[in-house]
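These are the structures in question, set out in turn.
Both complexes below contain chain A, partnered by chain B and then by chain C.
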Partner chain A sequence: MIRPLLAMIAVTVRESWRGGLPWLVLGSAVAVVVAMASLDAVDGPSRSRLAVSLVGGSAAFLTWLLAAVLPATQLRRDLDQRQSLLLFSKPLGKSTYLLGRWLGTLTVLAAAALAVAVAGAVALGALGLGSPGMRRAVAPDAWQRVTGLGEVREIASTQRTCSLDDPAAGDGLRWTFRGLPTGSDLDLLIKVAVRHQRWELTTGECAAQVSAFPAADLRAVPRVLELDPASPYGRGVEERPAPPGAIVLRNRDDKRTALDVDFARLHLPASCLSSDGRAVVQLARLDPQAVVTVERSAGALVATPAGPLTPHLLGGVLVALAPAAVLAAVSLLTATLSGLPTALLAGLTTLIAGNAAWTLRETLSGGDNSAPIRRLLELGLALTPDFSPASVSAGLAAGRALEFDQVWAAWGPLGAWALIALAFAWLALVKKEL
Partner chain B sequence: MSRPVLILFAGLGCLVAAQVLWFVALKPLRPVVPATAEAGAGLPPGEFAGTLLLGGFRGLACDLLWMRAVGAKESGRHYESVALAETIAAVQPRFSQVWEFLAHDLAYNLAYEAEDRGAKFAWFRAGIAANVQGCLRNPGNERILRNLAWMFNHKGDDFHTEIDAAAWGGQLDPVIAGANALIPAHRRVDPLGARTGLSNFAIAARLYALAVALAEATAYDQPHIIPRMVPLAWEFDGNVLLGQGRHREALGSWIASIAAWQEIAERAARATGLSKSLIEESYQRNEGRLRRRAADLARRLASDPAAGEALASAIDQRHLAEAKALLAQAGWKDHQAGTTIRWLDEGGTL
Partner chain C sequence: MSANDAVLRTVGLTKRYADFWGRPGPAALDRLDLDVQPGEVFGLLGPNGSGKTTTIKLLLGLLRPSAGDAFVFGRSPDDPAVKARIGYLPEETYLYRFLTADETLRFFGGIFRLPAATIRSRSDELIALVGLSGARRRRLGEYSKGMARRLGLAQALINDPALVILDEPTSGLDPLGAVEVKELILRLKAAGKTVLLCSHLLADVEEVCDRIAILHQGTLIERGSVADLLRDDTRMQVELDTADPAVLDAVKAAAGAHLRSVGPPRERLEARFRSLIAKARQR
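Now for the complex of A and B:
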């Protein structure tokens, strides 16, 4: 089975090459580089974020568009021009044929996306746009609330945010991190939302003290953590500098996710890590007039350097291939069942539906739908592949390293979709008299 | 007559009707919409490459990109949405909504994310630049021009000092010239040139006036609130100038506002139905109050009480050309001594 499969993959790649695909990829890469050169932004980091978004988004978009078009064209040509008769007269199973076409398409798409991503990465350097410093962020394993009197209370695991609003101040949060690399200093990133105790008054700042227990030992005296000189904020302003041993947190809502811009950065010394990579960090609110709201998943993160952008960009290509796998399989299925126009339409409809799943979810969450509409929407949501886990370019632009979890989150459900579509395509092909 | 012949004639009738409709509907658009053969002319290299590369897929690609851009914006991924909008603008520069989308993202969302005031203003300027580019790529498009006016009127309100200090002619004059070329001579707006000291509302009032004139010239069915933005922007300009102690200039802006309200009154006379009642109500609620404030300020700014009374009377009787001429004469105080700032939400006159 392996030799015929490899042969089909090779045929698919060769046909795409001869069909002028390299020119399309080259043109796309040039267009991306031209667009990067003409990006309009007010400062270097913003231009860099825009450029990374552009490269990641373009590579993914090209892949998806081709996935909806390419396999259907090739399969219909085989069927309509009777090449299938010649193909299936050889020792080639229909499942091998379909799998070969599908894998061949993914190979071509991976090459196309890689070419655009590499061109973009090279252009980032050549145009002097720079790239965001990539960091791998570790979220806390557990968190607890600490009252102004030092009492520690558990927070329900279902609670997504926690507000510190005691009028006496001094209250705070304690985070426990696990699985951290030991032996070297790390970065602790803190981001909170700040508002005034009285709703009618505004404030965007709150003085706070951040400390860590040496060797994660809760009996030891906590050590106050120092602000990184390169932290984007935390020192306060000239007329209101941070009190000694404290930092000034600024209001950052959940939409702000850039690790190098939106988080206050502190040094977490290696001495504060236990031998098994555990750290316990504590934040105390010092300003009684400010209410601090902290997100469980993004309020405190320990960041480790994650190398240059390029490998993550290439990993992003791998994630972007997940929706392409579904599109290619759906395209093959519909091309087996009907003509090329219908197959193209089906592929593009799937592409649109996969990108619009969020609108269905948002409409459903509105809560003011009638029962029939709600059921229709629920059905639509269940039958629609959701491509949103494959949108990683914003995260990359925000300096967040690509994790294997993200690859799995995209490939897990979408891979299942692709396999189901391929199985139906095989059934349809088996029923055909070839 | 047999059935096939009947069907044939019915088909021919439909074709003729479609042709007639096509002529009638497209006639007003001809001066402002370029012919297909000229569509590629004047495209920058990036846009030309994108357009040529995608060929027939251009519309489809724009739809998909647009959907992703909206999704990114809804999820708060503003940098991604800006990058996508820039791509759409390069692929389909005549898609007017994308310029609005891009300008809004830059001037509002990214400005909100910026830390200091300077960076916020820089993003505002980037938004204005994107909107201006959209106006230049779509001459005669009222909607983008109106969005530019709105951005000055609304978002510009956060940056009084910065907008006051900047010279906007270099950026906005090409837009003004482009719109002026499409509207009657008496509705044209003077270029801003190297002038500084214009408030965001003064710029907005001029751009709104252009948008209104453009809509009339192209028979575009503009929402009925837009013409009223011209006098309102002039009045706000007067209020800002008043707050800055530039009382005589404030009076000039208020007179411009009252003059613009007279055009609204004429518009109300032509309107029908709900629009008519809304326009009339707005006119009655604003114009009389503003005339009284302006007349009062005229009396206070006059060195000679008789001259002050003459100007107040001209304003009160809506002899606005005369009022402008009187105010242009020498002998007026630039500001009224001893006044304090009165906030806009405080009642009463100055």
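Now for the complex of A and C:
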């Protein structure tokens, strides 16, 4: 099977290359670079973020659009112009043919996306836009609640958030981090949601003290951590500065995930890390009128350096290929069943639906829907591949390193969708008489 | 030779195309029984719509029979091992226009899982055989119909098949090209290959085929060896090696009322054409 498969992959790549795809990719890369040069933002870092977002988004969009169009065009041509007669008179299985077309398409798409991403990365440097320093956000390994009296209580593993609402204040959280790189200072990032104890009153800020146990030794006296001068918030305002040794946390909900904008940043000295890379950090709420809610996985993070942007951008291309794999498979399926216009329409519809799946989810989670509408939305969600795990360009722009989990989160479910579509395409092709 | 030794065998092979609602339509092929023996050149003839192409598609596993069976090398046509032994040239040359001749043969060689060295050597041999050495690196989109047809013939032979199925192989070729194809068919036969030939050009079929079958509206109406089918025992043909009027008069007198025609033999146009072109090339 391997030789015929490779032959089909090669012919797919060759067809795309000689069909003018390089010019399209070149044009897209030039358009991205020109757009980057004309970006306008409030400051340099913002402009850099916009540029990275533009590069990542453009590479992904180009990939997805081509995935919805290319395979359908090639397969329909094989069927309509009868190359299929010659192909299937040979010992070429229909599964091998479909797999070859699909993998060949993914190869072409990967090359196209990489070309745009590399052009963008080069342009970032050439245009002086700079790039965000990539950081890997390490989540805590464990967390515990600390009462105002200093008692440490375990938090259930199923509990996703924890609210600090003791009327007397002084309560807090303790996080334990493991696997941190030792030998240099790190950044501690804190993000919380803040509201007033009384629902009818509003507040979006809460004073808090953040400390760390030297060498992660719980017997030592915690050391108060200093706010990073470049932290986006934490000092309070001129009229209400932060108390000495404390910071002012601002309300941020779970949708705000930009590491350099939505998190208060503090210095975590190397002396607070144990030799095996552990750190124990504690937050104490100082404002009795504010209720602080912290998310388990994203309330406190330690940012470790993750190298330059380019490898992560290229990794983002890999993630962006996951929806492309689905679109290519759907494109092949619909081209087997119907003519080219219908197949193209189906591919584009899947592209739009996949990118809009998160709105269905949001609407469902809103809870304001009638039962029939809810069922309809659930059905829609079940039948729609969700492309949102593959949208990593915003995270990259915010300086968040690409993790293997994100690759798996995209390829796991979307890979399954692609295989299902390919299986149906194979069934349709097997039943088709040539 | 028994039917069981046949390279191709059909038993009651029937094909009805269904309409949109799945209702079977008229038979495109109706209870075809035929066999093709190893090493013979078998002609499949018939007017348009007689079922020739349907028969070929059934033998290649491209269509499923509505009834009856087809066997190729004693096995189902769907069997990949069977397809690996067949070379097929369709009625139109359905090759990828964006590939060159080399790439086309390499592609099909890969599908047949041929070693790279074998593909290279056979490509060189076949491209020379079909007269495309000067155009092997040009894309098929730039080829004339005749050139594409020649390459189609080359791809049909890339796997050194035991069975070669040729549907209108001389279509699009000039007379010299057609002669070369016929000579190739005879060379294939001499090499022990079996050839199934579909053609409208009866003169071509007559020259190369051992046996033929004639289809009409999906039904087999005649089958047999070319010699037997064309033999007419009710008349005689006499050839003289002289135009001496005295000899002619004697022949006429001897034939009497049975004589139908006397005259100088007519050279076939094709032979005349070939000799004129050969002379022109020598100048």
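Everything that follows uses one rule, which is that the second predicted complex is superposed on the first by the 347 of 434 C-alpha atoms of A that agree within 3 Å, B and C clash if a C-alpha of one lies under 4 Å from a C-alpha of the other, contacts with A are read in each partner's own complex, and residues count from 1 in each chain.
Rule of thumb we're sticking to: a contact is a pair of C-beta atoms (placed from the backbone, for glycine too) under 8 Å apart; a residue touches a chain by one contact, two chains touch by 3 or more.
In this text, all values refer to a predicted model and were calculated from it rather than measured experimentally.
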{"item": "Fit or clash between chain C and chain B when superposed on chain A", "value": "fit"}
{"item": "Contacts of A:A142 with chain B and chain C, given as first, second, both or neither", "value": "neither"}
{"item": "Contacts of A:A397 with chain B and chain C, given as first, second, both or neither", "value": "first"}
{"item": "Of chain C and chain B, partner touching more chain A residues", "value": "B"}
{"item": "First (chain B), second (chain C), both or neither touched by A:L351", "value": "first"}
{"item": "Chain B versus chain C as contact partner of A:L79, first or second or both or neither", "value": "neither"}
{"item": "Touched partner set for A:R3, first chain B, second chain C, both or neither", "value": "second"}
{"item": "Three-chain overlay, closest Cα atoms of chain B and chain C, distance in Å", "value": "23"}
{"item": "Chain B partner contacts - residues on chain A that touch it in the complex", "value": "24, 27-28, 30-31, 34-35, 38-43, 46, 49-51, 53-54, 57-58, 61, 64-65, 232-233, 250, 254-256, 348, 351-352, 355-356, 358-359, 362, 388, 391, 393-394, 397-398"}
{"item": "In the complex, chain C residues that touch chain A", "value": "57, 60-64, 80-81, 83-84, 86, 88, 90, 92, 94-96, 98-99, 103, 107-108, 110-113, 139, 155"}
{"item": "Touch list for chain B against partner chain A, complex", "value": "45-46, 49-50, 53, 57, 60-61, 63-65, 67-68, 71-72, 74-80, 82-84, 86-87, 90, 106, 110, 113-115, 119, 122-123, 125-126, 129-130"}
{"item": "Interfacial residue positions of chain A with respect to chain C in the complex", "value": "3-4, 6-7, 10-11, 14-15, 18-19, 81-93, 433-434"}
